[in-house]
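Next up: the structures, one after another.
What follows is a pair of complexes built around chain A, which joins chain B in one and chain C in the other.
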Partner chain A sequence: MTGYVLRRAALSIGVFVAMAVLTYLGIAALPGDACTALLGKFATAGKLAQCRAEHGLDAPVLQRLGDWMLGLLRGDLGYSVKRSAPVSELIAPRIRNALLLAGVASLLAFPAAIAVGLATGRREQSKVSRAVDSTALVAMTLPEFVTASVLWLVLSVWLPILPAVTVVSSDDSLLDLLPNVWLPAITLAVLVFAHVMRSMRASVSATSRRPFADAARLRGVPERAVVRRHILPASLPPTVNVVAVTAAWLLTGTFVVEVVFNYPGLGRLAVDAIADRDTDLILALTLLGLGVFIVASFLADTVIRLLDPRVRAGVGRA
Partner chain B sequence: MTAVNAAPAATVVAWRRRWLSVGAVVVAAHLLLAVFVPLLPLQSPTAQDATAVLQGMSRAHWLGTDDLGRDVLSRTLWGGRPSIGIAFGAALLAALLGVLIGTAAALAGGWLDDVLMRVNDVLLALPSLLVLMLVASFIGRQPVVLMVTLAVMYAPPIARLVRGATLGVLGRDFVVAARLRGARSAEIVTREVLPNIRGVVITEVAMQFSWILLAFSSLSFLGLGTAPPTPEWGLMVAGARTYITVNALPLVAPMVMLASLVLAVNSLIDRSALEDHP
Partner chain C sequence: MKYKMSSDRRSRRGRGAVLAVAALLAGAAAAACGGGDSGSKGVLRVAYYAASGAETMDPYDGNRFWPTINMVFDRLIGVDKDFTPIPELATVWEPNADLTEWTITLRDKVTFHDGSTFDSADAVYSINRMIDPEFDSPVRAVLGIITKAEAVDPLTVKLTLASGEADLPVLLADYRALMTPEGSQDTIGTKPIGTGPFKMEKLDAQGTTVLMANEQYFFGAPKVARIEMPNIADAAAATQALSAGQVDLMLTIDAKSAALFSDTSKFTVQRIASGDWNAIDFRVDQKPYDDPKVRKALRIAADRQALTDLVLGPGGGVPSCDTPVWSGDPYRWDGDCPQDIEGAKKLLAEAGYPDGIDIEIFTSDVEEHMVELVEAYQEQVKAAGIRVTLTMTDASSYWDNVWMMEPAFVDSWGQRPAAQVLNEVYRSTATWNPTGQADPELDAMLDDARSTLDAGQRTEKYRAIQQYLFENTATFVPYHKTLVRAMSAEVKGIEPVVIDAVRWEKIEVG
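On to the complex of A and B.
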């Protein structure tokens, strides 16, 4: 197990470095940079050259890549030309806010999704089970801004339960932020619930038809114990993967929902940074998203190994 | 594969039932509207009227007006054109790319298959909305640019499905017979493979169409897709949020249109067929 964890960690770091290099080169290959964005229509050849020299953008791309990677090792995420501030200062409060939003949404969604998936997966053909599944499908197929706007209309305009307008700055205290976290968190929880619940439902329905479940029933094991000891452990691994991916998405991929509710998290910062062509900030946010995603899938693989003795022993490998 | 095994009678019945379904009618209505809306006797979707701002329903403006006094009914009916047009073009292009890459990978095998599928995996792993925002901001939001980007981002799942389905057909007797007859690869693809995988491919392309529609309207919502003052659903929703307490119609109308289209497209998709044969 320790050997596996170390090998898997080394692989994750390798993937991270490779993706970081590709991301840097990819963004460098796009036309336009921080200086064209900053100067906008006032850009003249002279001004552009001066701005690029000032921010070290006139060096060859590989040299800039090297400097950027060395900076990362020292913990220097770069400098936002547009916002005249170090990237780390811009990101730090947003990480805290993103953690709050992702935490609340996770608490609302994951336990409920696994419980409902388990309950409906065992009676896949029942009317309730199918109705829950179709509703989840609708939630998954609607655009995020539509789901968000509907919840907003209902919960804060028509039945004013929650604050309608978010007027908080990114470094307000968590307590000030708390009233504003509910609407985005509920919206995200609905989407995450749908994905995780459907995965769990499919997985439970597949495992409860497997021979070992029937064998346990025939041995006279009570149904509750069959579910707890046989069906649940065998159904969890695929869902653990979905949970990991959606948790990573909650932390860094919630562009639309954060914009709808004006929530000062990482997603809205990313949208603003991209619109401003603020390259250093975009790079740092992309890298952060990538890192979160890689760590999440590393954790998921490790947990699955702990849960599933077959994977641990390497039995039944494809 | 499904297309080979399924009894033809059952397929025909299922298709007829599906054609008659509500979903088909709604999708058809949306497509017809997108094509023929210029012929309808509507007010201009971009004409502003400072004397009639944020009005409710009236005889002059059936769905009221927005913050610039523009007719909401007209904007809502026009608002599907950019997204449907771009999503339609991008889905067709993605289907073309997906079929070419998928059949090429399946037929060639070996290193070409490996290279194509690894590139495919990388594209699948990229967050498409992030890539779209970057392209729109750095390269430009011209419809052609966005359409091509969308096609490239949404072709990989089609390519993967086509490759798998093609491999399933290639081993069958009628393909072997065609080979023995001396048929060339191109002929095998067009005469033997494509007719047999048509069903699953069309379903997959329809699914990608609905994802592309979502991606593009989200991009517009974020201010990086369609540029104002062109009416577009995502853009209208984004603009209408600020005065929601005064008039909710400019927010609700485009949302109803977009939701009805997306749900109708999805109701036509036989998801179970796709989930059983990934």
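On to the complex of A and C.
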């Protein structure tokens, strides 16, 4: 297990560094820089030169990359030119808000999705099961902004019981933020529920037909015990992977929902940072996103190893 | 509209489930919408949805936090509904005979929010910062004509100009020409002290900015006790917030969203002709635009009314005959410039293009309408044998690499009074003359108009300049935009005029 963890860690660091270099070069290759974004239409050559010198943007790309990496080793994430603030100060409250949103959406979606997937997967051909599956398919394919708009109209305008958009600051207390998290969280939960539920349903359905399940039934094991001891553990690993990827997405990929509800999470900051050519901020957010995916997939693999004796024994692994 | 359509499609089927979830969440919701949020008596909540993250309260900085600066600070001179100058911190202004020196009398017994007295030293300090070549404030484009500001006595300021300017009062009414305390350069950006109707309580452009009424305001205490300005990421989200009653006022909304606020028992929608305009600029130092015949052909081949309706939506703008002077400006020339396909063909043939002409226009979605303008223009001028290639470019480097650089490109300007816009954009020596057109005759006409004392004669001269431009300019100006402002029906006291003329202290809620 230790060797496995070390291998994974080494690989993750490699991916991390490669990603940093690619991102840095990618931003450098884009037209415009942080100073053109900051100064806008009436930037004079003199003002641009002054701004670039002030923020070190006139140095060669590789030198800047090197400086940034050295800073990173010291724990310095850099400085946002457009927002005149250290990157760490900008993203800290956003990370908290993203965790809150992802956490609430996960709690709303994952347990229910696994339970409904298990229930409908065992009776795949029943009318209810098929209806649930079709509804989930629709929920999955609807663009997020459509789901978001419907929820907004119903819950904020017609009823109205929830705030339409977040109007508190990104660094306000969790208590102030909490009422605002529901609409974005429900929107995300609808989507995530559909994904995870369908994955679980397919997995349970396949497992239920496996010989070991039938063998257990023939041995006279009660159906509840068959499900709990045999079907559920064997069906979970593929779903755990889906849950991991989805959870990582909930932390980093929720731009549309954040914009629709004005929620101060990480996605919107990332998109704004790219438009502003705010290199240090983009890098910090990109690497944060990458880190989230690496950790999520590592956790998923570890959980699967614990759940599935075949993986632990190296059987069935490529 | 977007929201309406999607709800109709989805609501019936999804409602039961959504309601069930909603019922579960009702507890949390009560906390969200209860208390002060619903009543908002005495609080005006203005949606701020242009946050760049670089906002500063320094009114002379390019990243000034608008419209907040106009709540905290005052100008020397304001503008009335008809855009004539009215007293603000100045009470009287008198020019000398050739309009090169202006003596300005300041309002007595005005105090800043920190209790200190406003006097001529503050006014001189403020004007010097506006015109400082090193600081290079955007306001310098307006008031750069001032060469010297001096305090004659505590309540009198003398301004010396580089040349006679009859419209100095109008230029001083620029929304950024605000008065700040002497020596405040280093602190004003984050700790603004003004004389205005509202004091800064909490400055947070990325979050919620809070301002409190200045009870001592010299025009009388403001009607609302508090202004809150939550930052909302984009206009669509701000529209949602207004529909749901989370904010009271949006200073501009997308004209297409106006239908969302058609219920007059809940909302007030104002349509305001403004001075914002788009243009297609042709560089006169590049072929074929060096030929005035080509330039005129390119301009007269367009149907401006149809173009306005196509790009801005019906009623979304006021067509213009290539004048940058907007319909609310007393100097505006209302020419007649119908689409003239035959005339354009003839001019092109005379210029050596009997089989029509191929041109490339650069644009970008850096601001709204800039792409649609070229698309609509492209279709309209086909009939005259003008074949337009639209080239999209990157938004973030547009102003740096495309604007004023490529042979033909789309432009966008905010409202400016005639005396400013003509000198800032059209004069030969202007830094931001986008077409590179240097015309001594036009410069002479501008000098003559600005130094004419008699208002009637001056108006005639400014109108003649615009007529002259229609014959010669390399800037195609099809329209000025009409802004749509939306607010809760509870909000009173906002006249349907451009924001420069809105008096924040007169706004009431409920």
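We adopt the following convention: the second predicted complex is superposed on the first by the 316 of 318 C-alpha atoms of A that agree within 3 Å, B and C clash if a C-alpha of one lies under 4 Å from a C-alpha of the other, contacts with A are read in each partner's own complex, and residues count from 1 in each chain.
We adopt the following convention: a contact is a pair of C-beta atoms (placed from the backbone, for glycine too) under 8 Å apart; a residue touches a chain by one contact, two chains touch by 3 or more.
This one's a predicted model, so the numbers in the text were calculated from it and none came from an experiment.
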| Is this a clash or a fit when chain B and chain C both end up on chain A? | clash
| task | Examine A:154 and indicate which partner it touches, taking first as chain B and second as chain C; both and neither are also allowed. | result | second
| remark: Of the two partners chain B and chain C, more of chain A gets touched by chain C
| query | Just chain B (first), just chain C (second), both, or neither: which does A:270 touch? | reply | first
| Touched partner set for A:32, first chain B, second chain C, both or neither | both
| message | Output check: A:74 vs chain B and chain C. Expected answer is one of first, second, both, neither. What do you get? | response | neither
| query | When the two structures are overlaid on chain A, which partner does A:146 contact: first (chain B), second (chain C), both, or neither? | reply | both
| said: Output check: A:47 vs chain B and chain C. Expected answer is one of first, second, both, neither. What do you get? | reply: second
| task | Give one of first, second, both or neither to describe whether A:259 is in contact with chain B, with chain C, with both, or with none. | result | both
| message | So in the superposed three-chain picture, is A:137 touching just chain B, just chain C, both, or none of them (first/second/both/neither)? | response | first
| task | Return first, second, both or neither, reflecting whether A:224 touches chain B, chain C, both chains, or no partner chain. | result | neither
| task | Give the one stretch of chain C, out of 188-196, 314-322 or 458-466, that collides with chain B after superposing. | result | 314-322
| chain C-contacting residues of chain A that also contact chain B | 30-32, 142, 146, 149-150, 152-153, 157, 164, 259-260, 275, 277
| request: Under the touch definition given earlier, write down the residues of chain B that touch chain A in their complex. | output: 127, 129-130, 133-135, 137-139, 210, 214, 217-218, 221-224, 234, 237-238, 241, 244-245, 248, 251-252, 255, 258-259, 262-263, 266, 271, 275
| Of all residues in chain C, which touch chain A in the complex? | 2-4, 6-7, 10-11, 14-15, 18-19, 21-22, 25-26, 28-33, 37, 45, 52-54, 62-63, 136, 138, 141, 204, 206-208, 230-234, 236-238, 240-241, 243-247, 394-397, 399-401, 403, 431-432
| query | For chain A, which residues count as touching chain B in their complex? | reply | 27, 30-32, 137-138, 141-146, 149-150, 152-153, 157, 164, 202, 253, 255-256, 259-260, 270-271, 274-275, 277, 282, 286, 289
| query | If you look only at chain A, which of its residues touch chain C in the complex? | reply | 30-32, 36-44, 47-48, 80, 82-84, 142, 146, 149-157, 159-165, 167-172, 178-180, 182, 186, 258-262, 268, 272, 275-277
